[in-house]
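Each of the next two complexes has chain A plus one other chain: chain B in the first, chain C in the second.
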Partner chain A sequence: MRSVRLRQVAVFLVLAGALQLGAIAVGKPFWQTQLTMSAYYALVAVGLSLLMGYAGQISLGHAGFFAVGGYGSALLTTWDLSAHKAAGVLQALQAMGAVVARPDPFGGTVLTVHPWPAAVVAVLLAMAAAWLVGIPVLKLSGHYLAMATLGVGTIIAAIAVGTQALGAADGISGVPPLPLLLGVGVGGATSQRVANYWVAIGLLAVCMILLLNLVDSRVGRALRAIHGAEDAADAMGVDTARYKLHTFVVSAGLAALAGVFLTHFNGGIGPSEASIMKSVKYVAMVAVGGMGSLWGTLGVSLLLNFLSLRGYFGTLDDAVFGAILIGIMLFSPDGIMSPDLRRILVAGWRRLRPAPASVEKGASEEGR
Partner chain B sequence: MALLEVSGVSKRFGGVQAVDGVGFRVEQGMVKAVIGPNGAGKTTLFNLVSGFFAPDRGEIRFAGDPIQGRRPYQVAQKGISRTFQNIKLFSGMTALENVMVGRHLRSRSGFVSGMLRLPWTRREEAEVREKSRELMAFLGVEQLADAEATSLAYGQQRAVELARALCSDPRMVLLDEPAAGLNMRETAELAKLILRIRDRGITVLLVEHDMSLVMGISDEVAVLSYGQKIADSDPRSVQRDPQVVKVYLGEEEC
Partner chain C sequence: MAGELFFQYLIAGLTYGTIYAVVGMGFNIIYNATGIINFAQGEFVMLGGMTAVSLHAFLPLPLAIVVAVLVTMVVGALIEVTFIRWLSRPSVLRMIIITIGISILIREAALLLWGQDVRALPYFTGNEITSIAVGGARISPQVLWTLGACAGLVVLVTAFFRFTMLGRQMRACAANRVAASLCGLPTRNLITLSFVLSAGMGALAGCVVSPITQTQYGIGTGLAIKGFTVAILGGLGNSLAAVAAGLLLGIIESFSVSLLPTAFKDAVSIAVLLAILFARPSGLFGARAATRP
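Take a look at the complex of A and B:
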């Protein structure tokens, strides 16, 4: 079991490497930027896949949790605290390294929270929000849960666009890089494009290992049981409400983590990241990738996000996502990884290319 | 002290008094059956004991502790496991995985330890797997371990569901019409199986239609009619009870 997972992750890393080399080989090294962004968006989709595919709960508010992470990080790392320099708390935080002085783009010096504590606070904030919202909302199911989470997403989007401290319609920019080891930082510097690609892919791979472990554990089994027959799971001693809530919180935490990293990578965040349309896209990616198929979701969201970010869908971007969603629901509701779709494709292929007579005869005899 | 003590329990659904002041006791180690015509309130009574409904009135004590109004998972934690009349297996999971969920209460790996796959969680997984296989073997369905549970034949699904219920090492198991849909030979096998479950030290409470099953294996039989208990004794006396005969066969015919 364990070796299967590690092999899958190894294959993923090899493919990611091939993708990068391919982009460079065809003379489009700038593709790496969109691939990096796609990887962070894929992290949101994969976390949502855990919630939708395993716990059987829908969330139309995941862009909101992504935004809580992104905005939390952006606000804390750009908010100049110089005016309160004398405060004892601030001096203590500075001594601990949690608050640092750094040069700003205009030649001055600003005193802001260090990106790492800011990241931790931002992710915890999103998880706390998910926890508070989840307790009442997860009592609902089906359409009602979808509507309630839609409401949550709407509120977060409205706060993002309506709050002056969050930059209102402009969002927050000038977010410093998130420093990692060896002088590499999650940020927009072209010189670190290659490294940043691997940071994103690495984060995605680590999260995939954790999620794959989880779904193949006692908790994953309990979640699938809830999905399969909720009252039977209850009768077997599974505290279904608690498991749904914890999954919601974990899923929101992953969305916020992606928000933190992408905000540092882009150097800022805007209110469009919190929009409902973003949430709908995440749900669409999970649906297309296959409910409960983490790898399917990963592949689909990497591809669709990349195409979308490169602008291949043009002004019809949202329409393309809608069309894909309709298509998948009509022809393969279990996603692209489902055996049904494979069967349909194989059948279609056979029809296009008539098989040799002898094989056809054999097949029809088998059918009798 | 009886293992399960139900006293004065009532439950009303709209205008229907489904269970009306019912009380009975189940002693440790016995097989007790609750019988009655359709609509007598048997399944409602079961759902009250297992926490799916809260009674309007009355008390349910298990091993001395009041359990009425607890959620099903809390009742399960106390050591009561159950099966369902219309078998409820987890779809999209193998038979073995279904049974492994039954071990949920006896294992403790959580979100963090599950994600990190710590050495002790791997040991625990192996134990859960082994215990589940053992119970599937006990029920004679070990060869079906890797089959998708909901695709199995009816009788096999029953066996898998029973293995799941037993996997938590419960003190008492509630069987809701276990002979429903079984033929005579299968019912006879089920009777032997229930006695073997009792011999493992598990108290059995069953709701049943099938008289041949109930009378052969039960130590005590309680009879419900229109939500009220009309008899509660050993199988022989119950069979001779004029009120029971009236309820089952009708007044004029006898």
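Take a look at the complex of A and C:
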């Protein structure tokens, strides 16, 4: 089993490499920027897939958790603490390296939190928020859960737009890069575009390994039992409330992690990242990829995000996602990889061409 | 707070509250008939208002409103026939996602059709500055129109469900669809009718409130959240309780403006929603479990 999973990840990495070489080969190296962003968005979708597909809980507020991660990071790394330089706590933090002085674009020096502690705080903040919200919300189900998470998302979006300290409608910009090893940093520098693509793909691959392991463990089986029949799982001794809550928190944490990285990559974040439409788009990606199909979600969200970011849908962007949602849910509620749809397509193909050609519809680029 | 100011806030709250009540009732009508929460409910209000504004360019006001309501009813019927009628036993998750998709499509279609402009119908009587003095507060006649129309609507719809054959049939269908169809009721058509009714109510509310709140392509989502809050506040499925809850929410929201920045007005109603979900998921007046599918 283990080797199967490693092979899947290896295939993913090879395909990711091929994608990059392809982008460069056709003379569009700038595609890497959108591919990198897509990879971070895909991380949110994969995390949501765990929640929707395995725990069977819908969240219409995942963009909110993404925004908590992104805004938390952005606020901490751009908030100039120079005025409080004399405070003992601050000096201790500076000695530990958690607060650093760095040059700002205007030639001065600012004293801000180091990106790494900021990232940790931001992700923990999102997870804590998910935990607090999750305890009562996850006791609900169906429409109530959908509306409650929608409500949480709306509140976070309202706070992002309405708070002056968070830049209101403009958001926060001037976020420094997140330093990694060997002088590489998660940031917008063109010279590091290739490296940044691999940082994103690497993060995605690591999270996929963790998630695949989780899904194939005792926890994963418990989650599938909950999805299948919550009462039955409960009767078998599965602590359903705890499993659902933990999945919700992990899922929100992944969204926040993606938010942190993408905010550093873009050098800023705006309130549109927190919008309900974003949350709905994440749900659309999971729905199309197939609930519970992590690889399907990954492939679909890479593709859809890339097309959306490149602007192929133009002003119809939201409408495209709406149409996708309806179409998939009407005709193939288990996603495009579902056996149902494959059977329908194969049957339709056979009817069109009497010669029995066993052609499979290769729907997306990750090959499974 | 001075008495006049208090009264002013109260009236504003009631005006918005009646709209929430009508949207919440619309939620309940569809929920009772199908067990579906129609996330596109707010779009009916938007469609009603926008269509009426467009039609008013070449029709007299009352006729424009009537036609707008009829058009929205047709849209409601189309939604049911196209997307919902032929699904057999769809899961809750599936229906949530489908109705969200529908609401996005309607919104985007409205954006293409009408653009981002904020529009409004003219005041039914007088204009923006006409006002009637009531107990020291100044009230626009449109507020009375809104209160009157919504109250009339609630009474009519309630009477329809109580006293007419068709209304009784719809209630039978809501209570037990299988039994209703065994008794020979055309349950599928009754469900379509519930969408038509719900769309018509939303559209009429959208028309009467348009002069005060104005109409834009994107107002549906906010109204849907509030309508749902109201439906839950009253206990899902209980239409008259939704009316009381709607007025309550409108008043809470209106008074929140005196304490908090206006930007957080919507957040207040969502906070109310969350608080109710956590504390009393069955609603203030209801007793049914929140986990009902």
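Structural remarks
Operating definition for what follows: the second predicted complex is superposed on the first by the 355 of 368 C-alpha atoms of A that agree within 3 Å, B and C clash if a C-alpha of one lies under 4 Å from a C-alpha of the other, contacts with A are read in each partner's own complex, and residues count from 1 in each chain.
As a working rule, a residue touches a chain if its C-beta (ideal position, glycine included) is under 8 Å from a C-beta of that chain, and two chains touch if they have at least 3 such contacts.
Remember, it's a predicted structure, so these values are computed and weren't measured experimentally.
When the shared chain is aligned, chain B comes close enough to touch A:235, but chain C does not.
By the touch criterion defined above, A:144 lies against chain C but remains apart from chain B after alignment on the C-alpha atoms of chain A. Applying the stated contact rule after C-alpha superposition, one finds that A:213 touches chain B and leaves chain C untouched.
Applying the stated contact rule after C-alpha superposition, one finds that A:98 touches neither chain B nor chain C. Contact with chain C, but none with chain B, is seen for A:316 once the two complexes are overlaid on the shared chain.
Once the two complexes are laid over each other on the shared chain, residue contacts for A:9 go to neither chain B nor chain C. Of the two partner chains, chain B is the only one touched by A:246; chain C is not. In the superposed model, A:221 makes contact with chain B only, not with chain C. Chain A makes touch with chain B in their complex at residues 2, 210-211, 213-214, 217-222, 224-225, 227-229, 231-240, 246, 250, 292. Contact residues of chain B toward chain A in the complex are 50, 52, 71-73, 76-77, 81-82, 84, 88-93, 97-98, 100-102, 104-105, 107-111, 113-117, 121, 124-125, 128, 164-165, 168.
Residues 52, 56, 58, 60, 136-137, 139-144, 146-148, 150-152, 154-155, 158-159, 161-162, 276-277, 280, 283, 287, 316, 318-319, 321-326, 329-330, 333 of chain A are the ones that touch chain C when the two sit in their complex. The part of chain C that touches chain A in the complex is made up of residues 37, 83, 87, 90-94, 96-98, 100-105, 107-109, 221, 225, 228, 232, 236, 261, 263-264, 266-267, 270-271, 273-274, 277-278, 281, 290-293.
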